[in-house]
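Here come two complexes built around chain A, the first alongside chain B, the second alongside chain C.
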Partner chain A sequence: MKASNRVFNFFTFLMAIVPAVVLISIIVFVLYYSIPSIRYNSWSFFTTYLWNPGFQFQAPIMKHGVLAPAGSAFGLDLFLIGTLSTSALAILIAFPVSFLISLNVELYLPSKIKKVMISMIELFAGIPSVVYGLWGIVVLEPLLFRNVEPWMAQHLTFIPGFGGEIYSGAGLIASGIILSFMIIPIVTSIIVNSFDTVPMDVKDGLFSLGATKWEVGKYLMTSYSRASTVGGTLLGLGRALGETMAVLMVSGAVTNILPHNFYSAINTMAAAIASLLDSAFTDSTGMNLAALAELAIVLMLISLTVSLIGRKIAGRGVLRGYESD
Partner chain B sequence: MRVTNSYVGKQEELKWKKVSTRKIKDKIANGLSYVVLGAMIAILASIFIYILNAGASHVTWKMLSTYGNTSSGGVLNAIVGTWMLVGMGLLFSIPPSLLGALYIVNAKSNGTISMAARLFTDVLTSVPSIVIGLFAYLVLVIKFGMGLSLVAGGLALSVMMLPYLLRIIEISFRNIPKEQIENAYALGADDIRVASRVYLPQAKVGILSGILLAVSISAGETAQLIYSAGFNNALPTGFLHSEVAYLTYVVWTGINEPTAYSHYVAFASAMILILSVTGLIIISKYIVRRK
Partner chain C sequence: MEEKSVEKVEKIIEIEKLKVETKDKVILDEVDLNIFKNSVNTIVGPSGSGKSTLLKSLNRLLDMDTSMDVSGDVLFEKRNIRDFDPVELRREIGLVFQKPNPFPMSIYDNVAFGLRIQGKKLKKEDMDKMINQALGDADLYEELEGKLKQSGTSLSGGQQQRLCIARALVLRPKVLMFDEPTSALDPIAKGKIVDLIRALKQKYTVILVTHDMNLTRRISDYTNLIYDGKFVAKGTGSEFFESEIEEVRTFLEEAD
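On to the complex of A and B.
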């Protein structure tokens, strides 16, 4: 083998491990920067919901061998609740919608416009998240605040958490709806792809036995695509957990106040990192920055685990939904 | 009334009942799925129409042609800055994704490493964007001393573009007929020649569409850039230590500012963003389909 070829092969090898190097260095560096916070907060990071940056103009205190602003305390519970509940609501909306759309596209829709419809659903993934946030602020929030939430607070009081005061429209419901728009294309294209793998002759056999389209969908298609449906939903969940900007704009981005009904303002881990990083720079001890790094590590742990499980179940899945051709 | 005593009558009745509930269920599923699909298309259309309408009614030529911040002046610096950042991101992400994909599809490569490379690529797509932003701030901006700059922002974007590009390029390499590659090797071509004469020309449409997709995704990103690119009222003066403006920042801060003019600027930027991003997606789909 020629030397130039060997050099070329070595170079391609170096480039192939770039993603691994990047991922590992992200984990290692963020973990390294969060060490002061891990030592300072220890377990209380996971047991309290208060996020107190401390007094910046008092002498810093020494605790567990690290310097921190006096009176500072950091806990992620509020953000964790927000992340989990917004993502759960997003999945709750996105899964049935995606499933019905896939069923419609596969069975009921004329095959001529099938591709056009899928492409249109995929455009949901192409809208930048700040544009979703903008639309959420000017259209969705007023709509929820004036029309939807008053009705819910009046008529759905028998469900715990649905009664009580309405605040501004920003919060769990708005965040969940916008997140669901972002993940519907992902889940839909994974389910449609798995529906496409159902062998034609089995499908035709079932039709010739007199089965209706719904029965073919219910008994045949779902049994073929159960794994990819679950996996695709998990991949969508992984994306919802890490979404930042849209949620930051429509969640209310609250700190230190626990939500007490479904209309309260909330905050998520990703949005909290984005909104609190600015003020963390002013902390001369660096503890605020370290606490945000720890928050980032926990967020990354959750979202990578969910995505890895989803990938294991669904295969490699799709990236965002719109490269399925 | 039906004759329920006779055997035939019972059969008839059973059949009638069964068929009807099954048909009704099918009709319900049919109707419901159309309603859901229609509702989603309507929501999509309403978002587009709202943003385009709001943007078009507030955008002026002066806004598009002057520099400014989010409360006065125009957005030219943000438009140019966005494309500078995206170009920087491409510069950092195309070489590793192209060559890395060549390694992964090469049959002579180490199988374990190829598999690991693919796994890490997929995992990298699910790292939350704000974590990439935090990493870029802590490591690139502070530790490596780049400051809020074009290079730091470009690198932060390339972390997100790299896995997308690598996977799309890998898929388009795999779509090339195996015989062509084997024939090239059988004729005595080495890896460089096979890469440059078979892989690249055959996959160029796929690569181009992948690049367009990566551009469209990264043009709409914000979270990576807030703490790596900053904001600038004019164009950046250099690659390092000079902040860059970008459109998504204008949308985000503009709508949160109290003046009407900053809202107009936000709507105009959102219109530019949504038009360019969906335009790129449609072009990339079109060139793939035309092939």
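On to the complex of A and C.
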């Protein structure tokens, strides 16, 4: 083999293993950084919601063999609740909207407009999340605070959690809506793709039996596109779980106060990591940083798992679409 | 050739100056055609001549395709099909496709599908009765008795096609259209469909699109040749095959 060829082969090999090396090193480093927190907090990290950085100007204490600021305590429950509830609300909004958009694109729109619509939906996925966040603060929050939430608090009191005090518009509802905007493009394009893989024969067959467009869409979604729809929604959920900037801007970024109704300010794991990182560096024992690293590990585990499952289900759905052809 | 010999038979569909075109192509060019009741009305012609498009325009499946422009009139039982709700029309005029397309569900559910979406609340025993009747009419009942829970896609090609026929029959249509129903089947399965179509015309009006002249010879009552979006010859079975029209002779020669 020529020397130049060997050099080229070596470099392509090197480049090919870069992603794997980077991924593994990130996991190893974050895990390594979180060790002091795992030792210090033990199981209470998962059982409490208080996140107390401790007193920086007192002598640090020694516990389980690690140094930590006096009075410090770290629990992820508040952030976990925030992450799960905002993501759940986002999916609750995004799923029906995506389904209706897909149905419309697939069965109602002329094929030319359909193409424009699809590329527009894909463009939506490219809007930086900080822009969504800004829109959330400037437009959405005031709207929720002045118009929507007062109405809800007055008329929807029969649903638990919908009564009570309104805060600022920032919180669960705003975060859920913003997140849903960010995942609708993902869910929609996966459903549209899966509708496209259904053989024309089957669609025509359904119509020839007198099915309406709505019935055809409903049927396709629950049969041919079921796997893709579930998978796509999970992929969207994976995105929602880890989304940071936009949520940080509209969640209220609260710590140590559990939400007590749907209008309360909340915080998510991702947003907490971003917002608490700055002050964590002032902790000379490094415990605050370690606790955030542990939070990051948990977040990574959750969202990677959800995305993996989603990818697996969505992938299988696409394959099944081909098989049925 | 004129349709003198067929004037006494009742017409169920009258097509008048039906034109279907896309932006750059005329698919059906102002065609006129009568479909006669309780007969096998066959439309033959080379591929790409507009046969399938004609079928899809009769049950307004073409409405789904926004790139197609449709003009002219189609009367179904003297009433313009435009005045029908398309959903209702499609239940009156069933369509069976070239490639069997059972839905990925049980045999029973496949046949029940059309009934269920009608939203009628049928009693279980009435539903069973209608489904067994449709399977019987499609000559499937004996083969599949006791296996109705099996998936529709697990059947052989010929059985799948008859399942699709049963699925259309359960809605009690007046007209049943077949788009090349045997071209994807082996000779034995094909023979069964032929017998079935012959039996079906007692109760239903059949419109058959095919380019298989053997099939046409065996079962067609009225044969119509379409060429480039225009009917060039129409006639009863024997009239058609003896016709001296040039296109008919060329088509028959090519087909044999």
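In this text, the second predicted complex is superposed on the first by the 304 of 325 C-alpha atoms of A that agree within 3 Å, B and C clash if a C-alpha of one lies under 4 Å from a C-alpha of the other, contacts with A are read in each partner's own complex, and residues count from 1 in each chain.
By our rule, a residue touches a chain if its C-beta (ideal position, glycine included) is under 8 Å from a C-beta of that chain, and two chains touch if they have at least 3 such contacts.
What you are looking at is a predicted structure, and each value in this text was computed from that prediction instead of being measured.
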| item | value |
| --- | --- |
| Touching partner for A:208 - first (chain B), second (chain C), both, neither | second |
| Partner chain(s) touched by A:111 [first = chain B, second = chain C, both, neither] | second |
| Touching partner for A:223 - first (chain B), second (chain C), both, neither | second |
| Superposed model, chain A: greater residue contact from chain B or chain C | B |
| Partner chain in contact with A:244 - chain B first, chain C second, else both or neither | first |
| Overlap of the chain B and chain C footprints on chain A, listed as residue numbers | 212, 215 |
| Sites on chain B touched by chain A in the complex | 22-23, 25-26, 28-30, 32-34, 36-37, 40-41, 43-44, 47, 50-51, 54, 95-100, 102-104, 106, 108-109, 113-114, 116-118, 120-135, 137-139, 159, 162-164, 166-168, 190-192, 195, 209-210, 213, 216-217, 219-223, 226-227, 248, 251-252, 255-256, 266-267, 270, 273-274, 277-278, 281, 285, 288-289 |
| Touching residues (chain side chain A, partner chain B) in the complex | 1-2, 4-5, 8-9, 11-20, 22-23, 25-26, 29-30, 33, 96-97, 100-101, 103-105, 108-109, 117, 119-124, 126-135, 137-139, 181, 184, 212-215, 217, 235, 238-239, 241-245, 249, 270, 273-274, 277, 289, 292-293, 296, 299-300, 303-304, 307-308, 311, 316-317, 319-320, 322-323, 325 |
| Sites on chain A touched by chain C in the complex | 107, 110-111, 199, 201-202, 204-212, 215, 219, 223-224, 324 |
| Touching residues on chain C, where the partner in the complex is chain A | 56, 59, 61, 64, 66-67, 87-88, 90-91, 94-95, 97, 99, 101, 103-105, 113-114, 117-118, 153, 164, 167-168, 171 |
